[in-house]
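Chain naming follows the written order as A, B, C, D, E, F, G and H, and within any one chain the residues start at number 1.
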């Protein structure tokens, strides 16, 4: 039995590579999916496909239609969602993905440093599992197969 | 035909009073619901009901169980959700409520200043309607009855 | 037991007034809802609320966000949907509303002149009932209460 | 991870062959499904299976039962729906398929020439992505795997 | 709290009047709904509204579209379904209504004489409650309020 | 793309073998499932597993729990349901399976001789496709792949 | 806005009267529903309606069909479920009702003495709120309206 | 066609090994999944991953988040649930899993000794099948494939 896990979170650090490496080391039968990690490509995909847009707001709207389409398709294929929220960046789209997972009845593992427990208290309470590191998230996933 | 509208957003300003006043002036048949607006009460409700908790993290978890219960019950009763996101505060719980609305197939009106178009591009694209002011949100609601 | 019926269709003729009058004459306990019938208001509601848009395409997109919000809220309240399709106009939004009704498991009464049986064969086959006139649609509604 | 994509639209041109060829060139792991493309066969399938029907209206109804059965089965298997609407033909069944996709929570990519932005404004606003050419649709699909 | 109960079954005897009378005697807060009980009207409603049909099969199809529309609307409003099956008549439409109720997660009370336990064993096993008389069905309903 | 088809109907004739043979001849990628066809085994499975029951009614109830479990599991796996109803036998369980399919949003092909059009008019109207012979049902299935 | 609350739990003590009294003292707009509290009536309702059964197992099965029907109807009407589990009695049916609530996406307030935290850890983790006394449960309900 | 079966129940005896062995002997195409069977590991997984917790209640809560995550993921993959309840242990989590299965519309086979018929009467009535031994449960599963 293989599981598909969607990794929601910022696309600036290498945290996804870290999760995938750790999961592979444990030989977990998991396929990871996630958003476009090339930040400029992600922001520019709207104009890349549709051509120049009137201003920044419309540029963002166009890009978001393609990014949200991608997220929706992959999120639907996921059995579990892992959402990482950290100190930097607003990450409203990550909170959005995490909440969509809960409302779609997909189990959610929330990774957040303990210092962020207060602004994330509601999301944490609704998530199935809240951990503080990528390492703990991998253990939560591994436990499913043990 | 009356509609119930859930107002999701920060509980520090008076934006909800503004929306209710404007809606009442237009005699809109709308019942507004929302979270506990007394910030200290909201944060302390866990210990208020269950007693002292071991530390701040558990204090937050306890409070969130009661706040999330309240949100869930009221969100279920809502026909529409209005979510306001602004410059101040992390507002991850607001992004969470907004996204829950979408995933529950409840129409969502997103209010955000244009300056925040970039971090909110994905949520904005998924919302039914995106406006910049409380005033415009009231017009969107009013239009449903005209 | 009152029923709410959504009337989907073009907003150029007075067919909705006809249905409402006939239903009232029969004292049917039905509340009718529908789209904005002032055509110019419907097309211009985006710019009316949000201000001028860059071009006609964006003007339409803005208007559609408010019109679709209205349709979604009212369609959700409906127990039955009546969709009228006729010779004039493209009416793709009407076909869209009719199909949304079916997919949402809401009973659909399709009104179409017999001459349009061919382009509407698929929609007609999926609708619960297909009639040719407003009069027959009212009889189908009346029959529910007899 | 393979995806199934339903191609909804007129069955008179070769647009489906174009999409399949482009997708294959990019080696996209996609299986395409769609309606019966032989127009006469599609119209005549009712009488082909059940025998002669009393008149044209019943001939269409019979054919539609088999065509709708096919569409329903294949639409259910689809992860994404691509709907093409153009200048020619009424295409009410295409608008119907596109809208069914949305209501069934299946992502929808709408392909329409910019000249048709006005009659398609509502459908476009509800679709996940709106593009103007088959080429752009393929890019939207390809982006999901990049 | 009032409940709506759909009474599915043959329309030849007065069994519905019996249930309503007994329920009223017990002052149960129940609203009963059901099919058209005038048998000739039920069979002829298709031609009554649409005009003469080519033959008996199409006459039946037309009538069924209006009867099924009625059943669907009322069944949706029901909190509970009572289905009566007896010795006479094929009653396939009753078995159909009873099964639809189960699949729609609406509680079902099946009334059948004990002699019919064998052909109704599967439906009986899936029903919430199986009784042998109208009287017992009323008691099952009454018990909900006691 | 393979499809699973559930064959609901009486277990006295060889109609299922006929469908399977015809489908195989056409090389249709279909897996057929259905009920236990050994009639005595089907009636006696309750006592076979649980031991002797107090009387015939309980004997039937016990058997039905195992038969309904089997039907439910296989029906869930089905993409399409084919239901055959004929002159002989009450077949209330077949009408039950057919209706469950519809309510579960699974496409239904109804096979019934034209002489039974009247008692089956409601079920026929709700089914996706109504045919008169096993041969026509196979053609309806085949058409999906053509 | 009134809420309906289902009170699941043992029917031997007066805990329901306590909750209702406290809620009434706070003038909470809540309608409480629950199971038959007369223990002998609850156990004997099967034979009361259907007549004597072959043995105790069938006596229980008959009673359960009527009790489960009642629970199902009332649980469906509930906005929130409160489940009380205590030291005495097996209470498997209470755990069953509590879990049904969660799986039906109805908010659940679990009341359990702290000494039972271990056998109830899984149910408690899935419940929206876990409290130790009826008093705390009433406060959780009251908070929704404050 | 393979089926996945979730085995819910106490983790103290070897009953799962017994079911798996019997199923394998019959060459049933079934994949069995279930909870962590190492009792100490199951209770301690919270602190194993997150570190020491303030007290026993929080230790249990932490463990339950990981155990419930595992159960939820595996239960979602299951086609059928088998729940074993016996004399020893409170087993409220087993009753919880069994009920979740029913509410999620997954067929449930309940194994319980006849002596426990009374406290399990409601759960038994809602289960698809109730048997007294592991052996009978295997026969119920085997019957699906015969």
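Quick notes
The definition used in the following text is that contacts are C-beta pairs under 8 Å (C-beta built on N, C-alpha and C of every residue); 3 or more make two chains touch, one makes a residue touch a chain.
Since the model is a prediction, treat every value here as computed from it, not as a measurement.
Homomeric contact chain A/chain H: same residue numbering on both sides for under half of the interface positions. The distance from the centre of chain B to the centre of chain D, each centre being the mean of the chain's C-alpha atoms, comes to 38 Å. Annotation: 31 Å between the Cα-based centres of chain D and chain F. Taking each chain's centre as the average of its CA atoms, chain D and chain G sit 49 Å apart. The centroid of the Cα atoms in chain A and the matching centroid in chain C are 39 Å apart.
Shared interface positions of chain E, defined as residues touching 2 or more other chains, are 65, 68. Going by the touch rule set out above, the chain pairs that meet are A-B, A-C, A-D, A-H, B-C, B-G, B-H, C-D, C-E, D-E, D-F, E-F, E-G, F-G, F-H, G-H. Of all the residues in chain H, the ones that touch chain F in their complex are 1, 3, 79-80, 107, 109, 128-132, 136, 139-140, 143-144, 146. Considering their complex, residues 4, 31, 33, 36, 41, 45, 48-50, 65-66, 68-70, 72-74, 76-77 of chain C touch chain B. Of all residues in chain A, only 54-55, 58 touch chain C in the complex they form.
Taken in their complex, chain A has these residues touching chain B: 56-57, 60-61, 63-65, 67-68, 71, 85, 89-93, 95-100, 102-104, 114, 117-126.
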